[in-house]
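One chain, chain A, links the two complexes that follow: it is found with chain B in the first and with chain C in the second.
Now for the complex of A and B:
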């Protein structure tokens, strides 16, 4: 066998090994969920209630706005004619639909963000706690393959919840989406997921370093991130709030879900929704930024994992629990 | 002792001020989400806004902190002892009532939630111009309804804890979902009238709906929002809360004992379900 053939065979075998590791780590997440049907109720149905609450806020606001218009008030002046009333009522209904659609899309992305926090970022820490981590570290595959498998399995589990949120939005709340560019929408969605899960892979290493604080870190990255990244409202709503609003919006875009949601809302509601004034950038620019974020997070994840593994081995903490 | 343990575990043995800060950041951020939702509503063609609806939503959301914290603080005890710390077998066989132990663990959450509610309400009054106040003559009514409301919440939390003896590690789904039921149907963020008829019927069957209503009557009187509960006077609501807390206490004991019995029978009392 020549040296070139041996190298090629070695590479092929490593690729096969890592692909098997990806499938092997994704498998328990997919199969574990299927073996336990109660999971669907707890993870996919119950969380819809919280999202429905946010939908009803806008329904209630919209109903009161329409009531005011029907009473003869067209925003800041008395309505001049029934035609003007009809125009303003139609505008109020369109705005309410766009706001509800924003909530539904945000609810879909919340599922992925929670999965990234609790099933990606915290996972290596949990694995250490239950004694699996040393087995992973001894196995011959690349650690990124392990994290990749966790991400794929997590995406499957989470897609069920995300799809049920979308379906509920369309069927129960009558949300109307107008998808003008489905390819761009798909590109934004998948790049957002890659960037999000890349961030989760990076956090997985950091959580291993933070140890017992992992739980609190994840808990702390729920509501504050929902707020800063505009999960339940267009993130551009922060801009008119002054310097602090702009600062929060910029900070929120570090989480890929913020930019991804902004781009997806533009693509499914139309760029003129909300008067076109609540978007951060165009969808194309946001896709470009998301691509950069995806690459950066994946590279950082690779380095963070190697560094943490070395540090944990050097300090002998790789298998010590409750730290 | 359990309350102290609950505080230490909840705070991860950190400094008290750091844990208090952490405990405030989450609920205040939750309030900010609503503030921004309202801001976006105003920006998208409603320049006059709707201060009454905003105050309704803000006060309801502030007191919902009690719901989320108390429920979580109660029903996560079993799963955290069982799945994460794997100490349930030791606590369970010790000569104490596990029911009372859970109440003790939840007590620290209630204390922290009280602090977070006060901070959130003060923030609303000072910086967001939320219209509310507490008249001196209403203090006994407010305190009475608050105590009864928390008693109902603790009892509901123990009911869920009893169920979680038998379930896998669904604590996050439960943590989102069960408060979600109350968030949606109890008129927390919007009046019951915004819901369809069947939703209003569910809301009227949950005692917490009346607790939120009486709290608003005391703190934000004279609101123009039609809650559809004007037919109940304050005394009726207090009586209803008292009866509900007794009923739910009885239920919590029954469900807790049943969950415990079946978990022991099936050998699930100290199971772990990580995957």
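Now for the complex of A and C:
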């Protein structure tokens, strides 16, 4: 066998090894997590309660706006004619539907953020606690295959939950989506997931270094990110709120869910929804930024994990529960 | 000669706990000086031949697990070198990891929602074992370990013994060349432990090129199974030879075992002339003390019995016996494993 052939055979066997490792690590999430049917109640139905509270508030705002219009007033001036009143009522209804659709979509994406926080970022810490981590570290697979398997399994499992929430939400709240560019929508969705789980992979290594404090980090990041990423309202709505609003919106874009949601809302509601004034960037630009974020997070995850492994071997404190 | 495992002056020092950190909880810092560095392995030299079932015998905290973790590429040496299958554990981990596996006693690895079979399969995938090959091996070894009935039981429903058997199947399913077994029969009932010992022995003896490094503090286990044994204490290898040769080392000595009423003070036995070493073990339930003496000859026996009587204790049994590995350990270290 020539050196080149041997090298290629070695490369092929390593690729096979790592693909098997990805499938192996994804398996518990894909199969195991759906083994108990109670997940449907806890993870698909219960999240609707949070969504419902926003939906009812937006519906109340919509009803109030329509009532004002019907009383003969359009914002701060009198409506001139019945046609104009009908136009304003239609616009108010469209805005209300767009807000409710935004909430249903955002509430669906919450599942991914929670999965990244609690099942990706915290996962290696848990693996250490139950004794799996040292078995993972001892195996010949690439460490990114381990994280990749966790991420792919998490994406699949959460997608099942998210679709259940979305379908139930659409049926219960009567939401209308108008998808003009399904391919772009799919691209935004998948790149958002890759960037989001790439960030989760990076956090997984860092959380392990921080130990139990990681729990507080997850708890600390949960609600503020719901707000800063605009899970329950279009994130562009923060821009008119002044400098602090812009600062929060910009900070929110670091979390891929914020940009991804903004792009997906444009693509399922139409770019002219809310008068076209509540979007951060165009969907194409946001897709580009998400691609960059995905690469950055994956590279950082790779180096964070390599650093973690080096530290684990040097200090002997990370792979075993009792050390 | 190429060794399956070789260590040269292998040393591992763990940093102690820092005083500063602990002071956060105890601002006065009274009686809280932290702990200094701990030398877990001290210039260890071991050569394990391919095809050998090698035992590492020592009490808790002797450094057995630290040595295994270094060999399993989970820990770096502080100084010295370690080679597994001819590869340096500090530099060349991939070819080592392809050829090794490790099972520890009391392991709680795996996912409770998966079945025993699925769990083992999952771990096999991290070694690139083709899925069907892995499944066939799992089924075959599960049969041997008497775990077949539990193959589809979720891991969280398994008993401690069944779980440990599952861990053992995980260790063998990747068909490693070198297997590290760290107290594999810890906490198992007699039958389960015997099944595991028999399988390990057959696995090593029945195939060419398989090597096992077994750590244990069960003397009988090491004595029965191992080709050679290294006795380790406080990070240092005290002796390394076949079980027979180790016992021969103290054959000129005389071993006496006594069972007496509980003795509070046993320290004075060490000052009796002719007593090379001794150990004592309390049996609180029976209110008894078990004493083992390594004597140069039988002369000190009268003095020992006299002191026991003076202490108000009663001798229930006295037995002169052939030396065991525990006697070898007592002779070298001056205490038992308890």
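General observations
In this text, the second predicted complex is superposed on the first by the 314 of 323 C-alpha atoms of A that agree within 3 Å, B and C clash if a C-alpha of one lies under 4 Å from a C-alpha of the other, contacts with A are read in each partner's own complex, and residues count from 1 in each chain.
Basically, a contact is a pair of C-beta atoms (placed from the backbone, for glycine too) under 8 Å apart; a residue touches a chain by one contact, two chains touch by 3 or more.
Model, not experiment: these values are computed from the prediction.
In the superposition on chain A, contact is made by A:135 with chain C only, not with chain B. Using the contact criterion defined above for the overlaid structures, shared-chain residue A:316 touches chain C, although it does not reach chain B.
In the overlay built on the shared chain, the residue A:42 is in contact with chain B alone; chain C does not reach it. When the shared chain is aligned, no partner comes close enough to touch A:276: not chain B, not chain C. For chain A, the partner that touches more of its residues is B, with chain B and chain C as the two candidates.
When both complexes are overlaid on chain A, the residue A:28 reaches chain B and chain C alike. Of the two partner chains, chain B is the only one touched by A:216; chain C is not.
Once chain A of one complex is fitted onto chain A of the other, the partner contacts of A:232 are limited to chain B, with no touch recorded for chain C. Of the two partner chains placed by the overlay, only chain C lies in contact with A:20; chain B stays clear of it. By the touch criterion defined above, A:118 reaches chain B but does not reach chain C. Taken together, the two structures place residues 28, 32, 36, 130 of chain A in contact with chain B in one case and with chain C in the other. Interface of chain A with chain B (complex): residues 28-29, 32, 36, 38-39, 41-43, 45-50, 52-54, 56-61, 63-65, 68, 73, 75-76, 91-92, 95, 98-99, 114, 118, 126, 129-130, 212-213, 215-216, 219-220, 222-224, 226-227, 230-234, 237-238, 240-241, 274-275, 277-278. Across the complex, chain C is touched by residues 13, 16-17, 20-21, 23-25, 27-28, 31-33, 35-36, 130-132, 134-141, 146, 312-316, 319-320 of chain A. Across the interface of their complex, chain A is touched by residues 12, 22, 25-27, 29-30, 32-34, 36-41, 43-48, 50, 53, 57, 84, 167-168, 170, 172-174, 176-181, 183-184, 188-191, 194-195, 272-275 of chain B. Interface of chain C with chain A (complex): residues 12, 14-15, 66, 69, 72-76, 94, 97-98, 100-102, 107-111, 113-114, 118, 121-131.
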